[in-house]
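Just passing along the structure, written as structure tokens.
The chains carry the letters A, B, C and D, assigned in the order they are written, with residues numbered from 1 in each.
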Amino acid sequence: MEVQQNAKETGRVEAFSDGVFAIAITLLVLNFLEADLVHKSLDDGELLSELIHLWPTLLAFVTSFAAIGVMWLNHHRIFSHITRLDNNLILLNLLLLMIVTLVPFTTALVGPYLIYPDRHVAVIVYNGLYLLMALAFHALWHYARHRHRLLGEMIDQQSAQSITDQYRFGPLFYLLVFALSWIYPPASLGVNLLLAVFYALPFSRKHKSEKIPQHPDTTQISPENDQQEKNVPR
Amino acid sequence: MEVQQNAKETGRVEAFSDGVFAIAITLLVLNFLEADLVHKSLDDGELLSELIHLWPTLLAFVTSFAAIGVMWLNHHRIFSHITRLDNNLILLNLLLLMIVTLVPFTTALVGPYLIYPDRHVAVIVYNGLYLLMALAFHALWHYARHRHRLLGEMIDQQSAQSITDQYRFGPLFYLLVFALSWIYPPASLGVNLLLAVFYALPFSRKHKSEKIPQHPDTTQISPENDQQEKNVPR
Amino acid sequence: MEVQQNAKETGRVEAFSDGVFAIAITLLVLNFLEADLVHKSLDDGELLSELIHLWPTLLAFVTSFAAIGVMWLNHHRIFSHITRLDNNLILLNLLLLMIVTLVPFTTALVGPYLIYPDRHVAVIVYNGLYLLMALAFHALWHYARHRHRLLGEMIDQQSAQSITDQYRFGPLFYLLVFALSWIYPPASLGVNLLLAVFYALPFSRKHKSEKIPQHPDTTQISPENDQQEKNVPR
Amino acid sequence: MEVQQNAKETGRVEAFSDGVFAIAITLLVLNFLEADLVHKSLDDGELLSELIHLWPTLLAFVTSFAAIGVMWLNHHRIFSHITRLDNNLILLNLLLLMIVTLVPFTTALVGPYLIYPDRHVAVIVYNGLYLLMALAFHALWHYARHRHRLLGEMIDQQSAQSITDQYRFGPLFYLLVFALSWIYPPASLGVNLLLAVFYALPFSRKHKSEKIPQHPDTTQISPENDQQEKNVPR
């Protein structure tokens, strides 16, 4: 009973987290909805120039969208290996979600400042939140994988190790972006964007052009498959 | 293991996409919430005329609601054939979702301009975003179906072809709408609306008047079944 | 294959609809967030009286919350009987969701007018939207059950009939509420609230104190059950 | 038929509730988006001091995030034992969700008042809502477990009792926090935060260091299993 319990709980934590990720990423559009040009009726020339001047808002939007989207991918990547929950994991996950929820705020904050290379606070706060996000994610994974604490039995050491390796430098990278915000703010957003793409990559290496294995042993953790087994006459 | 992994990932990408679609479509109401008449107390005559003057907001709302709703339908239609993920597909999907997320902004933008047939920028931006959406959707499907890259084994060439045929002219149609925004903005929204309805149609052709097979072996409405069939030796 | 296809699509339509219902019902809080007293710092006396003057906003909030919540219940009640989709059903469902999405707007609109018994437009628009919602829901159910078009085979005529009977007078009731908004606005909201509760009731009659039947025949339509069957040694 | 019906309905009530919890918790960020400093371009010194002055908003945000997050955890904890629905349970659940939906409002309200130890109304309203939440949750659980009304057959008396014990003092604790708001508002928020953490704890005791059973018959992590067990003749 407890095992299903846990399985159900894991699914729920993922579903709840999905909801928060999806809402936070969609709320990013509010930064445009609150732009001055909305609900006005300017002539074509004025509107065009107003729209062009939204480029910092757009850059911040794209960067944050990529950052949240990729964090969502990686959140799922590690949760596909986590099969048990404990209280600390749930609290670490809530902490991560709390940071994600704040992204629309820092994104709204940073826009107007990208045109002033000499103003750093907004960009520092913006990149600082991503640094915290990377640290929370780091903590989440290391807590779960420590002495194989909450991982399923299907996951091999090598696969767990590859995840560990990939995320090892995450906090460091975001620390560099954080530092870069002191030097040239717009550049730090660009690097931030590249980091997001970089963190999307390993996901592909793992999934690209898989073939469907035939032997039943590989078919443990999916609902479809214990069905398949049951349908294969023995 | 990888297969379930993928199956689970596909389900997650769909669930996350569903969330973004549902939130974006619901945020469209914000354009009304930010209308001037809200939180005031006008007398009946004033309020009535204020409400009547909201017609452009309503037209933009209905058009965007239909566009997002139908894009959601088609997103699911193709994902019901996509059984494997790779990094590029995930990034293309995030790109599509990013465009969808921007719709509430362009919808808020376009309203006030529909009463000025001589102002085109807002409507061009509005229809331009749908053109981008059609292109991203086009890319998503063609990437997935190219050399049957990520499609399941159950999907027959003919069915894949019919989808391809349906969407072949999508970008072209939205390009025409885009062009029309230069000529007569309100009309372009009308055509946009018709396009949405058109793209909803083939869905019905596929599903209308299905009969439920009588033999119990198909265990009525469970998604696992086409998998089971695969596994039952014939 | 089509059957599963449809089953999957039904599940998706329900999941997407759930999302829209959940977001629309939660956005109702925006009416409070946009109240004047927020982000101010009044002394205790001022704040208290400001809060007391929010009673119309609260009444509108509670009424709308009940209306959407119960519409969600009934939406699920009928979808638990709908096992096939066609294009018209999907469009009717999108129409219903579009109306639901507008509720936060009419709710924001109606608040300030409840203190003026001689101002009717806002309340008429508010109740008018619910009339449209009732009509769309009516159409959705009647389209699905007409000549048993899209219903599963498990549903007995009597059960389908009981649903039909329950909803027969829905549009009429909301028409009466609509009429009542001309006479005494606050009362119409009260009746609206009673209607929501009334429409929640039959749900209970159906579900209260069910016992778990042991014979396998009753176990068709649930994913758990074809599993159960497979687990029963043959 | 009814059993699956109920199972499906329980799942739907949980999914809908998850949606509302996830949206309400994410809308908390709106309090920052509406802060004065957003969409301005202040110099670094001004922005920094503006950000520092947001501490009450941040404290309210963290407290509410923890409160909603933990309420979500406990909502799931009890729903993992509830296997049947009736109308009253659904209405009690809607009542709980309505209270949760109001949290972003009281959170927006309380921020500015934390710097005035002599202003209590906002904090009283804030903590009062949590008192109502605790009472609604209390009612929900006691209604469900009364004479084992809606609980599954798998749950043992002791486990149900342990939940009852944990929540026995919930309303009392929130009553104390409520009282504390009269004495020193900021402290009451702190205690509120501690309560949230306290209510997260028992969850862990239940789940910490579970072992996965080795025998394949339990088909690892599928929620359907306790049902299967029921159906396997013993």
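The rule is simple: a residue touches a chain if its C-beta (ideal position, glycine included) is under 8 Å from a C-beta of that chain, and two chains touch if they have at least 3 such contacts.
Everything quoted here is computed from the prediction, not taken from an experiment.
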Compared with chain D, which chain's mean CA position is the farthest off?
B
Copies chain C and chain B - interface residue numbers shared by over half, same or different
different
Taking each chain's centre as the mean of its CA atoms, chain A sits from chain C at a distance in Å of 33
Between chain D and chain A, distance of the C-alpha-averaged centres to the nearest whole Å
24
Chain A, residues touching no fewer than two other chains:
15, 19, 23, 27, 220-221, 223, 226-227, 231
Chain C-touching residues of chain B, taken from the complex the two chains share
14-15, 18-19, 21-23, 25-29, 32-33, 37-41, 43-44, 47-48, 51, 62, 65-66, 69, 72-73, 76, 80, 154, 197, 200-201, 203-210, 212-213, 218-226
Residue numbers on chain A that touch chain D, as the complex places them
1-12, 15-16, 19-20, 23-24, 27, 30, 34-35, 83-88, 90-91, 94, 97-98, 101-102, 104-105, 108-109, 111-113, 115-116, 119-122, 125, 152-153, 220-221, 223, 226
